[in-house]
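One structure coming up, written as structure tokens, with questions to follow.
For reference, chains read A, B, C and D in written order, and residue numbers begin at 1 within each chain.
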């Protein structure tokens, strides 16, 4: 069935399976100490200007966020997110489970405003009772955001400056990082490594079977991090399975290439929807497009195309997410138009 | 120095010291199994229509909230509070420390609206992804609220109805319960016991040295609750020290009488401030009054009277809390007027 | 380099890569709701006499143990393990991280004795202060144990009986379950499902790239388990990656067949070592063999063969683990003898 | 009823009630910022050679242990205790609740041996897999121990040396510290402050109504400790209630004097029991005496005297704890002998 519901609907890029196939020939050492992980880390380090020792592979995004936030925060600190941020809404309380509060500032189409962030922190420090409050210890953003939007380099630098001023950690969730970097943006992978204290490069949603690459950018890996991974249940015995994903994705620019495909197909998707007069809920430059559909039409459409329900727009309309991905083809889009036009013509 | 900063500025009602003095003559059994606790629980049970077995004394309000919320919630549940609720703002993340998220709805002068609460929960259940979100398992309110305001019996019943409909626990923080019940209200202690699933009767702020009486109202005490108290570091060896506070306060209506004094003095305070043309930040019927002072005036006043900073009103004005308490005297007020009038005349 | 250090040194059985390759052709739904997971669960359910709804795939053993123990225990309970049990020694405090104590009884070559277990629990309940102690809520064993040893069916039934008598959960860690069942044992997969309340079938160490199948055997899956997986950071977006491992392993008896290879090779390994006069640290019927080596010999050997350091035997001898696995070949063993004989002859 | 069950059976020393009575005359500032706390801290600081800023009052022993251990340990560390240590046995898993493992070495009548401690830590660091194990981050002892026994100054210094060598924190639980220091010992309060990194002076069991004084001895108070107290539910609004206990106990040597009374009465108790031919379970120099009673005799005795069950000695004998305290009188002992002699004569 035609599926535009998300970007984690296909197993992985075929090259990754080939790498795994090749890995059958030999034995590997455990817990991420193997040669494939070493090679993958080396490549990521080179492309981000960081140190291989500060790079770790983790099986999924929630696990990665939970680990980074819990291990980098002090006991008396919480993390600030946009109200719509993933850690605040759709991670099942995984951050609070580790004892840390998620505080929030308004999200503007998912984006945090540096000025509002500064006000939030100022208000905290001006409060005479702030020893009875949770200290703001980290700022969490995602790039792209949960709404597919992107920060400019200037906006990232402004948030980074607020973080430095108030001694907060700047952490970036890059579950869909590839799609953000392949879009129309002035932000580069190196910029992100320079401006943040830690971030992760999403694999699961960008061509890998599983795995995210967590990068501590300032030689600031929390001590005994392997132990902490284990304590969180996140240390995989066969680390090279994840290493192989990233070794492949960061070989010869594959990660960038397949991300670009998703962006190109998203542009075609947007044009096709615009041409047909559909309304967008907001303007997203990346692979997630939020479209307002009339309820009756949506019901019929979903019998033939898998979409993601996003939220209610009004009594008669609902917002749906259409997502392209690294593997989306022109044929997929042609098929979509065929279905949509047929239903529209009813 | 003249002190209107809060209601926990005096040691305790003299009768309590007398009870403790009398307790010197004999020995007592440990961990709340003594006769004084038994008598105190019996009195509270009679006056609330509950069972002595479901009543526990805890040393402070944050400890009590943490215990009640953590032990009554399931692992996948969080608690809903007003955004201004104590557990959401001024308890140092004590709830999140136990792994539970504090969610929030807007506070209207501290009060939750049953309709907005229902919408919040409905939105949760309508969201197709709600298995990835924290389940609303409890509603937390305080009576009076952090702004001194009170729910009517109808408002409590409406919130209780939403709780029942969505299988949420209804928990009431009564840190200042006496002051609420002594104010102009149609709510009684029995109403609270009937409408909520658990609540606590504040001692620390209403005449006791320390101690809050946590009441599980529906024979719903979490299993092995003594163990849970111990695990939270909240089980006192000499339980009768807290028992003596409540045995005294609930003997011959002392709790009600001293609460009434605070309300009477708050009324006098309000009138005196109104007469002098001071502006109130909001209308509070209980012992906490929130007054807008011009900054220069406030600075001078605070050299002679201890007040609580509340929040910034505008560039030139600040909100301060003036609180009366069970021990406030007419002389205290006379003294206050003398100081204020002198400063005003400068 | 020749590697006998563990059973997680090879990527996976080639059939699994083939299943993944086949999965490329189509799209899949997320979070374990896909058809491959459904098929895998159906097969495991049939072969264990359980319900597909009570089966979940988790990425690793520590994660699985942490999840099962944390979600099945009540807040006031801890888990009893052998002192040598994995959760007590080598899981970085992952259980305590969730707030639960690991208590222990003596391990006899890794095995718990039902009589000693009963005594431990009896002593607890006889202690007048036991409300101040951690309640024994679960018994954790592994099959095979960390020393490669196996419980007989009678021994499992005896432990199960103690668990039932004292209302404790019986949980079995099957990280190497295949190797246990393929060895000389009267225990079957169905016996384990019948006697325990929950257990897991290890994939990572028995032919899979990653993944363990957690089975709640008595329709006793903790409520909202998907949420709990997410909260623990254990819910994978592409669930079918793990589903594909188990769909393949439980198709046509592959899991049993490859486990049998490890056992057969372990038997050859044992004979070869015995023939050469090596001493065993204990008698293991499964794929892990614990061998006492003279230190100088061990140093030379490890330049050519990867082994696992286990513990110091005496000043001049050290215990090493030699492990076979699903992929070990006769050629691997021939190579090992060649190296050992050469070094011995020095 | 005659009560020798424990040392927390009487409300408090009358002088403390007098201090509280005196405190009624004025108002006090909240959360431990008051003058009485300041004076109490000043006295303790002077008598221990520490800084008032590093002293905190906490309501009970479990709360204090939980706080000290949780806030001083790093996330990857656990605490080492004697197997019989209070945190390992009778604190309801309060330490594990904060995510930290309690590890243990053998207790010799409650005492840890520095050599065995060193071996334990050495074994940990020699283990090639120790990144998968809980790091030993702190040593917990109690003085006196749970068996009433005492470390010599040399023994404390030896443990302190092991702690320094392996960068572990040395923490001393002084729930009954007064009784230890008043016994026949070469250890002084200053020695303890010098040799440990943190310890607490027990109030609850030595004359106070409630309260323990936690002392960080090396200017090593965890950052934002007031916040951490609040987060643990341990910050009392009326801090001076606890301050008053210690201000009184540390004024004019009261703490030492009343402790000495307990020791003197324990000596008389021991002699009386020896004279009557009773057997001791172990040799305790402090206020807790462990006596082996024939079961029938014990049953009859307990109808008239409250004792603490300790453990089973053999089929016909049981160990009971007889404790004296700061308030025990010669008359109490005379009464005890009368009862025991009468029962013996039956």
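Rule of thumb we're sticking to: a residue touches a chain if its C-beta (ideal position, glycine included) is under 8 Å from a C-beta of that chain, and two chains touch if they have at least 3 such contacts.
Keep in mind that what you see is a predicted model, and the values were worked out from it rather than measured.
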Chain whose mean Cα position lies farthest from subunit B: C
Counting C-beta pairs in contact, which chain pair has more, A-C or B-C? A-C
For subunit C and subunit D, let me know how many angstrom lie between their CA-based centres, rounded off. 42
Centroid of subunit A to centroid of subunit C, CA atoms only: how many Å? 33
Separation of subunit B from subunit C, taking each centre as the mean of its C-alpha atoms, in whole Å: 51
Shared-contact residues (touching 2 or more other chains) in subunit D: 76, 91-93, 97, 99, 131-132, 227-228, 230-231
Subunit C contact footprint on subunit A (complex, rising order): 1, 3, 5-6, 8-12, 14, 17, 20-21, 23-24, 27-30, 59-64, 66-67, 91-94, 97, 204-205, 209-210, 227-228, 230-238, 240-241, 306
Subunit C contact footprint on subunit D (complex, rising order): 76, 78, 89-93, 96-102, 126, 128-129, 131-134, 309, 312
Subunit A contacts subunit D in the complex at 70-71, 74-76, 99, 131-132, 135, 223-224, 226-228, 230-231
